[in-house]
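Heads up, the next two complexes both have chain A, just with different partners, chain B and then chain C.
Let's turn to the complex of A and B:
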């Protein structure tokens, strides 16, 4: 077993100081963010149509887009200033305190691990549906996906994100090709929006359905904040992180709008709300075998890219917890050859596998969404504290987001609406998860925190925060 | 302020802490599934007449259902499977109290820890 000792930004192995490699550029940041999220267009967002109807899915697409624009703006400012592995975890450590950082890292790990589980289930189910062989189950495909991607992450971040860039780009281009292939400028030939979304069925549950739809509306964009996880491996964090994140958000808003328009114009909302592969179905319904096969492959690629990025992000958050001794320092080991957080990758592997076999797709998605919304609630308060403790001009910021505090207030309000939306379908799970976070916080505060080096938790070259 | 020197954790202690975290993860995520808490309140509102018209589907919708391989009989359970949004106030209040208590504890306890961090980091500065 390799002896690992954590020392701030590096890990010492057999006397050699080993750190994560700074090899990534803005394109990798874009690929990490969009790669994780784009699968949301291929499955998941459409469950919002089930909860509120086709029009509700469009309304939440734009309103939740506003939520995520606020997330991207806030995140770009804080991350371009606090550039360290762990992203929001490092932010919480420097701005709020160790216990909050511990919770934020767990939010990240759960959100990404459950998203990885959802991706693997989608991939397995899509292959099984395409094969059409009686008795074939998705289990072997799920296991192969999770294990192979974990191996890829084990071998190195640059290779992992290069693969992500290529497969994300292909999946994105497939949505654009589908959009322009169905003559979006004319109705009646292929697209029949007016006949499928009518005044009578646009909002079948009324406005309560629109609020309920927020739960899965989150899935259009969940994970874009993952760009910050690579902060310590980016060559120029102050430039690459805001650029990659904002470009990713614009990319996703365009993809979400195109996806809704094509899918809502091709299938009734009742079917749209329950299918696991709305874009693949849209490809089938055009009657073009080429589009059908393209969207089938793109669904698989989007799931692979997302799961790949999720393993990358979850492992880095877990690694950061080990490095700061919030969890046993055993997790803080960096692979001597591949320079990856390999123990964290291997530890999370069986957890992902276990949940892939015991949860179904919308349950896994809900687990992921729950942790995501808890994290966004933290972010809205975190930016307020950041600006109060270090007002503009007191420290060098890579990027300063405009209209403060409006984005934070919008984000907080939309998080409250989303909590209510989750309550409308999965209230017991929300309570169970919050109780879990509460209990594990007590464990950390009253027991685990004694292993943490106090002064080392603040590593940025900033002045003392105001009010302390 | 004197620099805090944390105790070294034994290997057995590290293994025990890892086990605690793993158990907590599975209890929190797996138990709601096992106890059947997961999933939204949906139920089928059955119809006697299983026709596209009775199911509220116009000619375009019906043609798409058929293209997807459905008949009115097989599509019935999908179309009529509806949410019934009822606000259960006691559960909503419990959820709000748990969330608020959690965040209040989180910020207050974090602030106590943060003051120790800042005091040690900026000692004598």
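Let's turn to the complex of A and C:
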């Protein structure tokens, strides 16, 4: 291949090198983060009502919102400095060490692939539920979702995230339309919050129910940290990543509050806690066919946007592992025309399909949440080490988060509560995943690490950390 | 209609999967492995960042 230079952009083809394309801006970062997460408003968060009642779902909405605000702030600071594909993986590699980085990359791949699987199952099930045709199964819709989105990702990151921006915006606007359509300022006309949530049924299982609700409260915001995977493809990482991530978090906090208010005011907590389609059901309960169809389409679009972002992020994490030889370097190939990690996308495609066909939604969701919370726990430790090794003023940061170390402490404590909540509901899966990560760590330490070119993996031009 | 849509989904999935496999084969046989795996982390930062605070 001849050497080529893309003018204007910071596209990298140095000599005969082929790199990911730097074409994204803050809006794409927003679309990636919110796109992955927004499906959680359409399904997932409401299972927290089953665990602890409608009020518990609201309490965890705010407390988990605090957890994710900490995640977004911490992530923005570190990523604006470690701008590389792989996101938290690259952060862990530079700040903690290779074994942590390997585990973090696996957390990322598991979290996003399982979320992609959940999205595809949700989309298939939603269409089957709408159709109501005997003999119609969700398999074809699942296959089409995963393959079409993988194809889109294969063809280029700009189109992928342009599509994500449009469909995420439509899904988001549908929540806003629903909210204003039910006269939220007037109780009794459509909404009946004071009848459905009473002092007698607000917390049916007491405060232990609130703790248990954390497990599904995560769904209000799960995946916002995925914005960092775009670090190597944004034109200005130091500016775009903090803007996109923080704007995304604000967007989601508003969406979560509106979603809870409308759904809790239309459905009793016993039903809200078990339905797979809280917002679609809310649309039906308004009695408006227009709202019902709008929320049906929005549910599909939210699932598509989430799966799309997950394919993007999982592939970048896998690609980064290959590039550092933590996995065979074969995975680090970049498509010379589309500039995407095409082998990683193709490798993860059949895995996602297999899980989507054999796993059920609850299992897939639980594995995704578990991997996500493991990652957040790492982030709280990571930022402490980052600030200690490279204090403010020693390296350039695109964003400096306030109140350090309070966000890190809050994040760590809330992660522990969430682990306990997961243990209450899915203890065996938690133990199984912990054993898996332990065994894979042994494999990496005793076998795989000898293939790694140790000097090459630390690429940031930073000064030596303090104390070294 | 829904059953028809289901068949269309299978068709699209097969066509796009085959296209990706074809393109994968074409790229891998056209370019050397060294070129395809030549991406390096942090290359841009190494050029642009001076770390003068």
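To be clear about the criterion, the second predicted complex is superposed on the first by the 453 of 468 C-alpha atoms of A that agree within 3 Å, B and C clash if a C-alpha of one lies under 4 Å from a C-alpha of the other, contacts with A are read in each partner's own complex, and residues count from 1 in each chain.
What we mean here is this: contacts are C-beta pairs under 8 Å (C-beta built on N, C-alpha and C of every residue); 3 or more make two chains touch, one makes a residue touch a chain.
All of these numbers come straight from a predicted model, not from anything done at the bench.
Asker: Could you say whether A:359 touches chain B, chain C, both of them, or neither, answering first, second, both or neither?
Answerer: A:359 contacts chain B only, not chain C.
Asker: For A:320, using the defined touch cut-off, is the partner it touches chain B, chain C, both, or neither? Pick first, second, both or neither.
Answerer: second
Asker: Could you tell me if A:464 is touching chain B, chain C, both of them or neither one (first, second, both, neither)?
Answerer: first
Asker: Applying the touch criterion given at the start, work out whether A:266 contacts chain B, chain C, both or neither, answering first, second, both or neither.
Answerer: first
Asker: Of the two partners chain B and chain C, indicate the one touching more residues belonging to chain A.
Answerer: Between chain B and chain C, the winner on chain A residue contacts is B.
Asker: Per the contact definition in the header, classify A:330: touching chain B only (first), chain C only (second), both, or neither.
Answerer: After superposition on chain A, A:330 lies in contact with both partners, chain B and chain C.
Asker: Jot down the residues of chain A that show up as touching in both complexes, chain B in one and chain C in the other.
Answerer: Residues 329-330, 457, which sit in both footprints.
Asker: Name, in rising order, each residue of chain A that touches chain B in their complex.
Answerer: Contact set of chain A toward chain B: 50-51, 92, 96-101, 103, 110, 114, 192, 195-196, 198, 200-201, 204-205, 208-209, 212, 266-268, 270-271, 274, 281, 284-285, 325, 327-330, 347, 351, 354-355, 358-359, 362-363, 366-367, 377, 381, 419-420, 423-441, 443, 445, 448-455, 457-458, 464-465, 468.
Asker: Within their complex, state which residues of chain C touch chain A.
Answerer: So the residues of chain C in touch with chain A come to 2-3, 6-7, 9-10, 12-13, 16-17, 19-21, 23-24, 27, 31, 33-46, 48-49, 51, 53.
Asker: Give every residue of chain A touching chain C within the complex, in rising order.
Answerer: Contacts found on chain A: 1, 10, 12, 14, 16-20, 22, 83-86, 90, 127, 131, 133, 135-137, 140-141, 143-144, 147-148, 150-151, 154, 232, 320, 322-324, 329-330, 332-337, 342-343, 346, 349, 393-396, 457, 459-463.
Asker: Which stretch or stretches of chain B touch chain A in the complex?
Answerer: 3-4, 6-7, 9, 13-15, 17-18, 20-22, 24-33, 37-41, 56-58, 60-61, 64-65, 67-68, 75, 78-79, 81-83, 85, 87-88, 91-92, 94-95, 98-99, 101-103, 105-107, 109-123, 125
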